């Protein structure tokens, strides 16, 4: 096998992984942008999205539905449920803490994360469950066949579409404008008539929806889930969000991709033993030279 | 009536929310589905009832907030007056000291053992309190220094046969050194960027311990680490545990003494000033980098010492004990107890470490209850169990003369400690 | 300050009082310490189920030595420090025997406590060689084989029967997986040039995907993969390999030889080799145990279930044969009396390893592990 081919394989492997990180990282970065909270329970929302999809797909499958119909129904339901969970979590664990000391919501988030993990563990199972492959299969042209699989192509394309959609939503709609206003200055936004509570809820809903899409895509791709998958994915996505500049939407996307590539190339050309070491070392390096992340704006300190 | 409607709506919402997870269980291989409708009813009824409790507590919280802003609670004041009385105060302190002193003889080995764990976490909490509570630097990788201490003892003992008492000061110095080493590049960062970088460092240290097998024995860990000895005396298991308890207790007392001194010293004040406003602080002529580094390395010192104690206590360590979750736990201790407050951190550690142990009675529901309690604690007491006293004193200007005694001695300490910064 | 101290006293006292329970003497306390929550819960919970089922059987027959048996699970999340807490908790509850500690690390941390308290501990899953080979723990027994044997078997099978010259050895960086992988690598490197390890690397358990490492295996030109670790990682790697048309043999350990692996990997599991305890598929007790689990819990049993079921049987049988709950008598009975279990007819040797629990190689054929002859 040629060197170039190997390079491309590693490159696309990183791209796939990075797309998933980016989808989850968007949830972190949006929430952070609006209320400056590291939402540690976000990884759990991703997991719940995947679990809901598994359950819905299981029920539909037992009714004898064809594959594409299952996908068409499962994905929206998973997205709706994950959003509902994100919305509810915000109302219970973060909203009462709006005016609390800065770190209190963080601890509340850690507690929520423990709670949700064990909720799934108790209500469903601790075991790994096989996840049906919902992604459409199609034949790829020969020259990419050995490098990419169809599910990887689907993941990358879906992620790109979703992110493009999100960017235009934030940029062009009224609600998007309200979100940007709230992110810049909550009090001022309130003064000019933005319903801040609504904006925050919407942020959680959108972030959760993206996480659920990521959850369904990756679970279909690797074919298994359990109650703990949210934790590692969450930490990595959070890293990606900070890498790109937390609070910045394009930053989260770029951060996800950079992290995915770093890990992939570290494994491919050095050793997977130190895959995470490379990821974190890159993070430290970037932050030392750009303390607000790759695309983050260094905000001036308020006196 | 309004309440009933709200509760009904909440119940319906949660029934919808938990429906797929609680009711359906699918087996995707055999394509069988189990429907557990009884769970739906359970969720509905319990959420309905809980929503009343929630609203009641919420309204109490609101009221409490309003009251606190203007006047202090009568009961609290009466209580305060009671314990301000010297005789009552000293007898309470004496009673507590006696209780702590005879603890191992009153309770089973299990109780003593988990109390040792709690004491170790008090040390860790107090150490992190310097970094997070006083200096306001969010550190999510505190466990790295804990690991450094634990591995220092385990490895030095393994290769050179050094004992607990020899390693303890060495680990403290090593901890401070590593703290400076890691602190130096990252202190330029602010707030949550610092948090993620420290998290990264924590993970890097754990991964190195895991992968560098020839040096650290990798994931299989190091076993047979000796407990501390007392002039070479041999006790049975019970004796060793009790002795361990007193050793850790002494270390905790030492920690409390030093941390309290530090807090009221010049450097302590600088930390708190830095936490409140960095720019004003620099304008006042405080060396930002040096002050931050001091906080970082002092915190690391205690973590490393706690690590030595931990290795001695469990007699076995492996990298799995030093995950990010551990850092999160220590941070929770500090925040839940009340940032900056020593007594708060002690209470936080006792609750967060002992609670899961006493929740063992709930068996499989242990961790879900623990998570829920963490959330509820924060929602209903966001400032932590005990608010740092300094903050309070703003409202009681009359008492502010008392704490000031500590300052002169504290200053000397700060200079002494400053020399390795 | 004082106010806070008083509240501290109140909390400490309340907390201390809460936990002082007492145990009755007329019961056999069957402790089950292990990971029952956290990331490794799926390895620990099947053991609790096994213990419950076996004890139920005994209790239905009127108990043991005229006493009822009570299962006391203790969660330790596979963390050494929590494992010592769990052990002390069991000791203070006057546990008679204990089935468990799932991870080798937790077991190592907790063993001295059981040893000093003279309590037999039997693990269904701790495979670290030191536990028995060091000779430090006369109270330790296990119904699972040691890593070192398995690693050698995996390597010689791959080199011999499969005839692979270039072998990639992958592990999950865990105690169990890395131990296995290191033994396998030693065996391959010491084969006198018969075969070489072309790749020796650890993957991060729980990582989002394993595409990069699979590409690397492909690039290394390996003719076979030996994997040390558990089934979740194994199934992810195998599925990624097969989806990319890599058909080279995949050989693994008994953390993989589990029904869940086949369930999760589905069609991709076909052809995978995994070593496991000597063939017990023909053993009626094995099927009986599985059926009992399905009936009671409405789900397939998880990892280490047969080993745990066997250990529970062996422990209770030893108490019965010893005719007492005395430590020395139980240990003697474990070493001398054979017992029929789902993993075969076993007793234990001086070091605590089960006699008759060797390893065989299995292959997934039509969705089931079949003995390779």
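Labels for the chains are A, B and C, by order of writing; each one numbers its residues from 1.
In the analysis below, a contact is a pair of C-beta atoms (placed from the backbone, for glycine too) under 8 Å apart; a residue touches a chain by one contact, two chains touch by 3 or more.
Owing to the predicted nature of the structure, the values given are computational and were not obtained by experimental measurement.
When chain centres are set by their Cα atoms, the one at the greatest distance from chain B is C. Centrality annotation: B (chain centre taken as mean Cα position, compared with the mean over all protein Cα atoms).
Computed centre separation for the pair chain A/chain C is 34 angstrom, with centres defined by C-alpha atoms.
Rounded to whole angstrom units, the spacing between the C-alpha centres of chain A and chain B is 29. Chain B and chain C have Cα centroids lying 33 Å from one another.
Listed for chain A are residues 118, 121, 125, 129-130, 273, 276, each touching two or more other chains. Within chain C, the positions touching two or more other chains are listed as 37-38, 173, 202, 263, 266, 299. Under the contact definition stated at the top, the residues of chain B that touch 2 or more other chains are 27, 29, 211, 364, 367.
Within the complex formed with chain B, the chain C residues making contact are 1-9, 11-13, 15-16, 18-20, 36-38, 73-75, 78-81, 84-85, 88-89, 91-92, 103-105, 108-109, 112-113, 116-117, 128, 130, 136, 173-175, 178-179, 202, 263, 266, 298-299. Touching chain C in their complex are the following residues of chain B: 27, 29, 34, 79-80, 83-84, 89, 92-93, 95-96, 99-100, 103, 106-111, 113-114, 117, 210-211, 213, 218-221, 223-224, 236-237, 310, 313-318, 320-321, 341, 343-344, 346-347, 350-351, 354, 357-358, 360, 363-364, 366-367, 386, 389. Listing the residues of chain C that touch chain A in their complex gives 37-39, 41-42, 45, 173, 201-204, 206-213, 215-216, 218-219, 231-232, 235-236, 239-240, 243-245, 260, 263-266, 268, 299, 302.
The part of chain A that touches chain C in the complex is made up of residues 1, 6, 9-10, 13-14, 16-17, 20-21, 118, 121, 125-130, 146, 149, 151-152, 218, 221-224, 226-229, 231-233, 236, 263-265, 267-268, 271-273, 275-276. Every residue of chain B that touches chain A in the complex is listed here, in rising order: 13-14, 16-18, 20-22, 24-29, 31-33, 39, 58, 61, 132, 138, 185-186, 188-190, 192-193, 195-197, 199-201, 203-204, 207-208, 211, 278-280, 324, 328, 331-332, 335-336, 339, 364-365, 367-368, 370-375, 377-379, 382-384.
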